[in-house]
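Let me begin by presenting the structure, written as structure tokens, before commenting on it.
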């Protein structure tokens, strides 16, 4: 929706490199000389790592270039500042990207039986709030197929057997379906299976999970049971990138909700859903808008 | 302040026993027959443990008894419902108490160098918000003595040597000063020493600590450093009863505040103070108002 | 869902009367004598109005009566305490009710073009979180018909002309559709029409609205524009009962979300939806669970 | 405290002008050419007004100039971008400033009887959290003199008679005491007198008030009574610049806390203090750090 008005089309530059004097001037001058109209700009220097980060949104109609041309022009600037491009296999955080918001983004959702995150995301897509295509939803149960198809989206049922071989085969099918669409985001929307390391690797920086606790508290299974047992007064949810270590990936967004002694585990499960939904939606939106940079296991969210 | 108007004086009954039919009726009828005017009543049944809890505030001027007489009258009612009194050494949660808000409560504060919780609590006492006497503040550094004395409160400087013997002797001095006042609350207001098991035992149910993280995340030392390193998006504070296991006692209150990538550890330390202060003050207030019941390692806060 | 396990069926007593000694004892003894097992009980006395309120949940299987019989038995108790029943046309707040959670509740939704509250509520119903039937959704635009029907629910398109006569006729059609189902809740889920006084009257205590501001700030049209213009740092939503005075009915629930100078009106509209959805869902749930008592223009939410 | 380490000394540039291509490049190049090391930079463009804002922190030890020299050098840059300096009497928002954090800031506090904001601010100053001198506290009652002097700060008791002439004379005394110190902030820390228009004018952009409601709800007197009467579910506080129109100045910060039906007005007054204190402290900190820019009656808080 947002990208339909041509004046709303943006080039989004994200950039990280070791901090030094003159980076802002170098990038800003590069854009000013081309006539680029910056509509949003954010900067951050991490004093611990000595790393500099920026994200800039430029009106596409203020530049006489397409995104490929802009990348070519920017490449020597980035190189002179010590930032490698994605294509160079630059190390995490020492990279740059230029995205064109006119390019449709795609996401694939992985679900199980709990439908609240799925409903919520599909509602946001249908209402135009999340400007992204959803070419496929994959479920390890059939139960969410009906509502998915009611939104006009293909649903793939991939059952997950308990045995290792069956599970590996199931993940191969999931991978095939996902990779066919080359999505910008693979969303584990309360998908109750742990991704194998090779998928964590293959989808690094694109696989987004919602965990139903305030990490690092209550890693792993049944976090609401753990929370109830400990007697905490707030429960939470965490949206994070998936990495090979369980529930330990870079955190994109978190939020909490107050509980008290009268809340049973079932109450926590029910009430926690409202936090899970909104935390996932916020984190996912920022990911899709290229607002999230990862460095040293933490995120910068511009 | 609150207790100065005689019509504001209350008897506060707290009570826990195994759940069964008729408990509410039994207690309410007991009070009604005496003419007791209930101004606040709360009930809770824990479906996991099958335990029943209640707290009732009765206008003292509606009953022709003092608190000792009321305790004598209530004792057989409690016994018939299976609740032992404190004096019986009843097990945790299976106890009852009747407090008289006309009795002045006392608290002793244990501090180190960080003064924000001390300032905050003394300000609340001075302003009449916390209706409690503070006969002593004990510091393992001298630095907070001046402000304590400016509020007209005795300050005891008890240095803590690094060696085990010296530390044990220091704790003996602390214990002597505290026990002399037989306080309703011993508050570890950012006291940076770990209480030895015998003090945890002696002060069970009265020693209240503020920990500067959202427990169970970041137990132990330097929780803001831990939080920064993990890249969480909210930091918190936890007010809990002190038990022998570090930072694992029953949680009375917690709260959080949002942080982002631009917050350094120093920023977290500074911003976290605002949460520490308010979480400690809330938890302490509830403790002093007999609103907190402990059962199975968790609290019921009425 | 909740009511499907027979042991989960409850009788819910709500009750209000002038405060005096012995009310709790009278009601609790009445239930205890019948063998009623209270699973949840809450009390409140309003010191300003001198009014007493209670809500009690009793296990239905602990009593040898159906709800009609229980009402008959309770009626003299209530009368002796000065509380009229709904059937007596008792004044607001001086009433009692006994509900049977085994009776299916029904709600009808009124919508316009904005679908986020509709999606959210239908998702909660489909997922079993809101235990209520939705026999009809009425829209003054067609656009939300498709998704409504995808959830298997009848959609009624009732266009609203601009002229007074046409609008009155449209409201007559809405009223006919609503009243046919005699719903427990009529939910204005971002319905952009102002109910005429006679419908406010006819649906008093059942019509629940979500207003997209933190009332009493920004009554009426375009509250996000008003909020942006004033430069507030938090925006909110309010769930309230509909009364004849616009946006002035008793408030059931409110919440807020932080905004800053970078949020445009469009950002506020988008971000505010997440608060509108959850505030409406919470308020509606409490209404359907008979947790909301109204007295003197304010609500008691047990 | 912060400014004591020379490497921590900063020049803080704040700047606003009509938006156009190249502003960021112009300012960044200016700094880069001098060798200025930017440690924090923030930008904002308001699409409604077409105005551009920035705030930049530069390490003082990266530049071979003092603040006066830097101002002289920057002046033609600012003029070329259409921004007037304060000295030019530039219109609100179309101004620039360069502050030196090595210059001690000063604030004067105006109080009445309620001490919680005073205690809180003095505690923050004493603890080194707020890096500012407090040369004077002025009270229209004597009651807060003792604690003020315990912190080593001069207290001036200026009684306010009820009659207009007496009140005008009292304000003249207040003005004389304040102006003698030429403070960076005049803080109305629950000062219960309304500033006359000429003082609002004289102290424009420096007089900071804390109002005990979530503005624009509950302007004027007794906001907690108003909130209780309306039955809101959250109460709040607002820190804003003082202007001639009561409680209508640009909002710097707001926050809220949840209340329910059991909270009396006295409870709201007590609980609201925790929000008032923290909202005032946050807003005041941002003001003193030159983070707040005002334009079109709203604030940009960097």
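Brief remarks follow.
For clarity, chains are labelled A, B, C and D in written order, and residue numbers in each chain start from 1.
The rule is simple: contacts are C-beta pairs under 8 Å (C-beta built on N, C-alpha and C of every residue); 3 or more make two chains touch, one makes a residue touch a chain.
The model shown is predicted, which means the values in this text are computed figures rather than measured ones.
Looking at the partners of subunit A and subunit B together, the chains they share are C, D.
Listed here as common contacts of subunit B and subunit C: A, D. With centres set at the average Cα position, the gap from subunit C to subunit D is 42 Å. Spacing of subunit A relative to subunit C, judged by their CA centroids, is 36 angstrom. Of all residues in subunit C, those that touch two or more other chains are 40, 262. Chain contacts here are complete: no pair of chains fails to touch.
Only residues 44, 46-48, 214-218, 230-234, 236, 250-251, 253-256, 260-262, 264, 297-301 of subunit C touch subunit D when the two sit together in their complex. If you check the complex, the residues on subunit A that touch subunit C are 40, 114-116, 119-120, 122-124, 126-127, 129, 147, 150-151, 262, 270, 273-274, 278, 281. Every residue of subunit D that touches subunit A in the complex is listed here, in rising order: 21-22, 24-26, 28-29, 31-33, 35-43, 45, 62, 258.
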